[in-house]
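Data first, discussion second: the structure below is written as structure tokens.
In order of appearance the chains are A, B, C and D, and numbering begins at 1 in each one.
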Amino acid sequence: MKCDLSKTEEIEYMFQEIKEQIGGVDVCVNNAGISFFQDCKTGTLPDTKAMYDLNVFAAIAVSQLTIQSIQERNMDNGHIINISSICGTTIHEDVPCHMYSPTKYALGAFTEGLRHELRKEKTKIRTTIINPGFVDTPLARMKGIAEAFDPGNCLQPDDVASAVTYVLGAPPNVNVRHICLHAIHGIL
Amino acid sequence: MKCDLSKTEEIEYMFQEIKEQIGGVDVCVNNAGISFFQDCKTGTLPDTKAMYDLNVFAAIAVSQLTIQSIQERNMDNGHIINISSICGTTIHEDVPCHMYSPTKYALGAFTEGLRHELRKEKTKIRTTIINPGFVDTPLARMKGIAEAFDPGNCLQPDDVASAVTYVLGAPPNVNVRHICLHAIHGIL
Amino acid sequence: MKCDLSKTEEIEYMFQEIKEQIGGVDVCVNNAGISFFQDCKTGTLPDTKAMYDLNVFAAIAVSQLTIQSIQERNMDNGHIINISSICGTTIHEDVPCHMYSPTKYALGAFTEGLRHELRKEKTKIRTTIINPGFVDTPLARMKGIAEAFDPGNCLQPDDVASAVTYVLGAPPNVNVRHICLHAIHGIL
Amino acid sequence: MKCDLSKTEEIEYMFQEIKEQIGGVDVCVNNAGISFFQDCKTGTLPDTKAMYDLNVFAAIAVSQLTIQSIQERNMDNGHIINISSICGTTIHEDVPCHMYSPTKYALGAFTEGLRHELRKEKTKIRTTIINPGFVDTPLARMKGIAEAFDPGNCLQPDDVASAVTYVLGAPPNVNVRHICLHAIHGIL
């Protein structure tokens, strides 16, 4: 199912379609994200807002709609996994993603607030934030930071998938709150 | 000078006016901010975006325009002071500002990225993030959380002003990067 | 092999024995730890020092000896996994381990410093810090915090073991730097 | 009054002397500290323990004895100011104090636990942690990292004193929890 996550209406339509076709969403992995290589000093507002639209606002909408879908079916469990970035844990002088980092700090803080609320309600809906280092994706290759693609310097998409598999496979009462992983010689 | 900080054009116009009238901006204290008492689970997107508009995007625009104003006059010093909140340092189960916190985490990360960039340029422009606890303001009183206004539970606006005065008064080569202050029996 | 980890001589003897019997240590999981329920205001120095002896100094010695063992055999890989605690990530008003927490903050900072050094050397020795919430162990049961043993409130030892298994099973160039896990309704 | 802070008996004797001579201690600034330039990989245990003795255990003893002195006189206010280091906030690859950093992380965590306890008791005793960057002291000069002494790269002792003055001068119900300051071009 295709969905432009920067458009709230499309997200809502997608959840409606899923509801009609298979009943609802139990587990949601927010993996979409966009990064422009922008400094805080010079980054333009349109590019900045485009990052917040996808990295923050879409993740909020999808998280909220997943929880609604879980609870309107009177289920007590489910899982929200938000894929952040290592740029959401540390701000490094030499990494050209200073304007991107704050979107991931915001996503981490949102996920933590959500966790507190779900815990206070005594639901068994789990929340996880995963902070991977640089991943070798077609999009990243298009931007062409060649030396970054040495295997010691970047993750493969499968490495993030393995983290998700581990998190989902934990017993229902175990919440893996946070994982940070990266290539062994990655920059941060 | 009045300015609706949620409108980029008004911010740009304000800086233009300042330039014409007094030459430019050397020191900027981003104190504007808005907080809706919203949960991450139920907060609406319009309210959420209104918080990001003021707490994040306006602070970015004002910070960038201040630096431009400093550097186009070939000055080497100046100061960006971003007023965050104690909600930008900790996410507490019982504090009803879970959707507000991420805006302040984003502001803190932006300020830190900016600091790295200015340091790398070897400028002497300083950056500071201040995280005050709950402050007794007319706006806060309108929202009416009565018990919060016991002097042991909240700061006065002057307490934040004193922090700003201390930061600005440090010798030019001393950067007070971060201050966190709160009422002694405040909630966090 | 038994070893009183609070005694450096016994640690060194253990590594000597391992060297003679099986050649050396490639992977080390520092799981030993001790927690006295002590406040910062009233905790006694002997109890405090006993916690640092095991939680910090023994972990340092074992980490250093493992790296020596790896490098004296001209190996380039290996893994140091330090088991911290959720008390090493957050300091909570209501959790009676305020004097224990700082030992785990120190362990986390040590592990991060070590990671930087090994990365700078371009070795492939990996380092991981795991922060589990409260675990249901015989020792914990002896201390008798009954309500804590509801399955929603505590982890089982197997949950920590699964985290270790996941970390060790990642491809050699993937470093899982950090995992935080806890029972879904655990206190922090 | 001279006191070897690495010896608990001398600390206790000092507080006894103060009690007899002037009644007690209301405000305590733990400024003593020692740093050996040691890696986590190779740092020796005796040097490491010497750092913990002064940076952690002495600070604990002095903090506890100050609170005792305040409360045995039925006073309700006072102030514990623990001087940490910028190495207690970030672990930087290129800063040669990896084994020192964990002592300052521990001190920060101790101070935060103490704050929670004093707040829970509803006392008005304040606690502050100050994280200064590199300071130009005679001891530092003896170790001779010459380039570090450019005024843009290091603080003067007065800069830390000014932070202490600001913290102590805040109104009694205002707790300045944390200050981080550093030379504008300092390394971290």
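Following the convention adopted for this analysis, a contact is a pair of C-beta atoms (placed from the backbone, for glycine too) under 8 Å apart; a residue touches a chain by one contact, two chains touch by 3 or more.
Going by UniProt, the chains are A, B, C, D = Dehydrogenase/reductase SDR family member 11-like.
None of the values given here were measured: they were computed from a predicted structure.
If I average the CA coordinates per chain, which chain comes out farthest from subunit C?
Measuring from the centre of subunit C, the most distant chain centre belongs to B.
Please tell me the distance, in whole Å, between the geometric centres of subunit B and subunit D computed from their C-alpha atoms.
Centres of subunit B and subunit D (C-alpha means) sit 28 Å apart.
In whole angstrom, what separates the CA-based centres of subunit A and subunit D?
About 39 Å separates the centre of subunit A from that of subunit D.
If you look at subunit C, which of its residues touch at least two other chains?
119
Take each protein chain as a node, join two nodes whenever their chains touch, and name the resulting shape: line, ring, star, complete or other.
ring
Where do chains touch, given as pairs?
A-B, A-C, B-D, C-D
Touching subunit C in the complex: which residues of subunit A?
119, 122, 124, 126, 151-152, 155-156, 159, 162-163, 166, 170-185
So in the complex, which bits of subunit B are touching subunit A?
Per the stated touch rule, the residues are 8, 39-43, 45, 48-49, 52, 56-57, 60-61, 63-64, 67, 91-93, 98-99, 101-103, 105-110, 112-114, 116-120.
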